[in-house]
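Quick heads-up: structures coming right below.
Heads up, the next two complexes both have chain A, just with different partners, chain B and then chain C.
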Partner chain A sequence: MFFHIYLERNMQLHPRHFGPHLRDKLISKLIQDVEGTCSGRHGFVVAVTAVETIGQGLIRDGTGYVTFPMKYQCVVFRPFKGEILESVVTMVNKMGFFAEAGPVQIFVSNHLIPDDMVFQSGDVPSYETSDGSVRIQKDSEVRLKIVGTRVDATEIFCIGTIKDDFLGLIGNPGGGA
Partner chain B sequence: MSIEPFRRLVKLVARAFYDEEIPPKGANRSKSDKSDNRGIAVVILDALTRRQWVKEEDLARDLRLHPKQLRRTLRVLEEELLILREHRRETVKGAKVYNAAIAAVSEQPSEREGEEKPKVHTHSYCCLDYAQVFDIVRYRIHRSKKKIKDELEDRNTVQEYICPAASCGRRYSALDALRLINVFDGNFHCELCDGELVAESDKLAAAELGDGDGEENARRRRREKLKELYEKLEKQLKPLQDQLTRVKDLAPPDFGSLEAWEKRAIAAGRIPGNDASTSDLPKPSHGQGPSGTPMPFLGETKVEVALAGGDTKKDEGKEEAAQLKVLPPWMIRQGMTLTASQRGEAKSEVKTEDGASLAGPDTKDVKPAEEDKEEQARKIQEEYLKAYYAALLARQQGAEQPTAQPEPVETGAEAADGVEETGERQVGMKAKREDGDEGEAEEDEDVEWEHAAAAEPVEPVVASQDSQFSNVGDPDPAPDPGGEFDDDDDVDWEEG
Partner chain C sequence: MAGKPGQAIEEEDARELKLGEDFVKAKCLMNAEVALILQRKYEQLQTFSEDAPNQISQVFEKSLQYVKRFSHYQNPNAVKQVRDVLSRNQLAEFEVCVIGNLCPETVEEAKALVPSIAKKGRMDDEKIEQMIQDLATIKTFE
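This part shows the complex of A and B:
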């Protein structure tokens, strides 16, 4: 699920950036620093949308760096148990398959794959129905439901299922349904 | 501290989960297959509910089990977190402390005092951990129910993987998948031994059902099977569940660590060899550390409090209360003799002779160097009053039954008249005194009084009857002057 929230961060800026573009530099550095990171508390930071305030800078003793407290608005993505996501398969093995939904990695184990789909090893490992009408392989698009999350301080990992109504393959590797 | 519901809980748990053969975990599986240890865990757990901390050797001896066999079962129970075990190397002294503690909490006097091991030895002790048992059992039931429920509702559970290597056997969940994946073959490998993991199949019903007829049919059958299983579980664990809810709000008995328990038991109980009588209750700590002097008499002090003695404690200072506790049992018994004299004083009766006897046994028995005479006299007086009321009560109760005639009739058996309490007793005493040793007669009577008092809170009528019967049965048999005889007599009555 996506959220638009306020976050705060202390940015340290090297003295060489001091000048007319100090503020721009600070913002670009903030974006560079936080976008794409993950915290267990808020989830993945997808994008910084606005910088709310930049506080008084404080020169740190000894180094000359200046610390600016910044408050900014950003979009975060945090997966929840029970959430439905659309994802792209990244790897298939006999234990199940891995998929990615944006930054988050999801593992679907083989017993959370419908019973009529069986693992086919070979050149391109895949899960296939007996009549071959549905085939999940690398780069397939899959709609899945998250059944468990593991949230660490800097990492979020999910396990999902496609063993439910309306879940499963939604797009083949080449594109198209 | 209510221990009984917890005891029951443990017994139920033992029967519910440990009445089968306990599969020993780990390597030496084949070895123990020979011996049949079915049900032994139940026996051991039952035995442990009747004990607090117990030395495993003693437990083995009591249960007629081989120590090895016992230890094996105990180890399993320890792994199941039902019991606490403690091992320590101890010398004779350490064993003594334990023996003292055991004697303090058990009914029988410890007969092992003499037999001491001369060398340092590792001893193991075990004890039930009631609080933990409660938690563990709740958790276990919750887990088993959840497992069936999840499968029944086809809820998506997190798949688990285990390392097939016997030496490793590590478990992983699907949440660890990212770390486990091997870049070369794309399979899951154990972090420790790099063996390829296998999915753990924990489906309960799937295994025994063949998938002969259609998918839909098999699924339905599986569901039925699971439902049945769940209902069975509910039904069979019902008593256990009830007991768990009953116990929920009670504070579990906590014996603490072995060392703490020993200290407490010795402080609360009596030193072995001093006196051996009732009170096997687990005593809460009274904040009295073990000191040089035995503090033997807490059990009966409590009894007195239950009778009428709240006020005694209040108006006396704290040190006096402590002093009262310190009094050894024989002291109080003799003290009753004193109270007899005090009774004479109070009722302005036979004062002189008893006054003499007051000083006699008192100084002889107690060595009350620091004891304040007046204080003691007052205490004794109060004790006498309590005993008196108790006996009065006993008499009132006994009055309904003609056979169990209370005390005055017994004296009246010799004096053959019963008018009014004080006068009658005087008459009775006189009659006795004519017979033989006056002090003896007096003491005899007093002892009986004390008995009524001591036994009062438990079973007033029976106790007094008993003592009277024994008195009536042999009215002053073999007039043996001296306290020895009286003491013996006492013990007999108590057991009778």
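This part shows the complex of A and C:
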């Protein structure tokens, strides 16, 4: 799920930037530093939308750098256990398939794919029901539920399932479900 | 998370709206809303900056592609109406956005996707049905 949240960060700035454009410089440095990063606590920072306040700078002993406490608003993407979301399949193999929902990767193991869907190798590997009515392959759109997340310092990785009511295929490349 | 020593960290579970202290009061965004925000920011970057491609992170690009593909409402007015309809029903932010993103078509589906709405007698089937119909109407006329 995407969220709009307030975050804080201490920004260090070299004295050469002090001048009429101090504020602009701080903001562009903040955007450069945080956009695209990921933390286990707040998820992926997608975009900074506003800078709320820039506090009083504090000169650091010995270096001349100044630290400014900044409060800003940003859009983050944070997956939660139990959340249901839609995703695009990126790779299919006999262990299961990988899907992407925005910046996050989700793996659906073949144990968490309904039993009537079997792996079919070939040019386009896929999971198919025996009558061929449902077919999950690369670029299919799939609705899944997140059952677990693995969080490390710079990445979030999810495990998903499609073995539940109202989950599974919602669209195939080239249209039709 | 910042759990105190000796205190078990409460496990998060979106189905019961346990999102952890950082997110429990945070504002959720529907895919359609994120699409509006990101698209605007993207256009601003294109016009005001000469090295735009370098300033756009992979996370930004993937998110934009994703929300464009999966937002069920394109028109900004429709997006606002959807939020109004859902907010009227005293749903939590998170529930509002899950329903807005997934657009359930039946009462059963809505209850399966967001089990918390049917708990504690918060919403009976009739109310859910009404809500789903309101959403469908917005989609038809957007």
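Operating definition for what follows: the second predicted complex is superposed on the first by the 158 of 177 C-alpha atoms of A that agree within 3 Å, B and C clash if a C-alpha of one lies under 4 Å from a C-alpha of the other, contacts with A are read in each partner's own complex, and residues count from 1 in each chain.
Criterion: a contact is a pair of C-beta atoms (placed from the backbone, for glycine too) under 8 Å apart; a residue touches a chain by one contact, two chains touch by 3 or more.
Fair warning: this is a prediction, and the values are worked out from it, not measured in the lab.
Overlay on chain A: chain B and chain C fit together in the combined arrangement. Comparing chain C and chain B on the residues of chain A they touch gives the larger count to C.
When the shared chain is aligned, chain B comes close enough to touch A:N93, but chain C does not. Of the two partner chains placed by the overlay, neither chain B nor chain C lies in contact with A:K29. Using CA centres, the angle subtended at chain A by chain B and chain C is 100 degrees, rounded to a multiple of 10. In the superposed model, A:R78 makes contact with chain C only, not with chain B. Using the contact criterion defined above for the overlaid structures, shared-chain residue A:R9 touches neither chain B nor chain C, since it reaches no partner. Residue contacts after overlaying the shared chain place A:K138 against neither chain B nor chain C. Once the two complexes are laid over each other on the shared chain, residue contacts for A:S109 go to chain B alone; chain C is not touched. When the two structures are aligned on their common chain, the gap between the nearest CA atoms of chain B and chain C comes to 14 Å.
Shared contact residues of chain A with chain B and chain C: 164.
Note for the complex: chain B touches chain A at residues 156-159, 161, 174-178, 181, 186-188, 197, 199, 215. Chain contact summary for the complex, chain A toward chain C: residues 1-5, 32, 35-38, 41-42, 44-47, 49, 75, 77-78, 80-86, 88, 100-103, 141, 143, 146, 164-166. Chain A makes touch with chain B in their complex at residues 91-96, 98, 105, 107, 109-112, 115-116, 125, 145, 147-150, 157, 159, 161, 163-164. Within the complex formed with chain A, the residues of chain C that make contact are 1, 11-16, 19, 22-23, 26-31, 33-34, 37-38, 41, 55, 57-60, 62-63, 66-67, 69-70, 94, 97-98, 101-102, 104, 108-109, 112-113.
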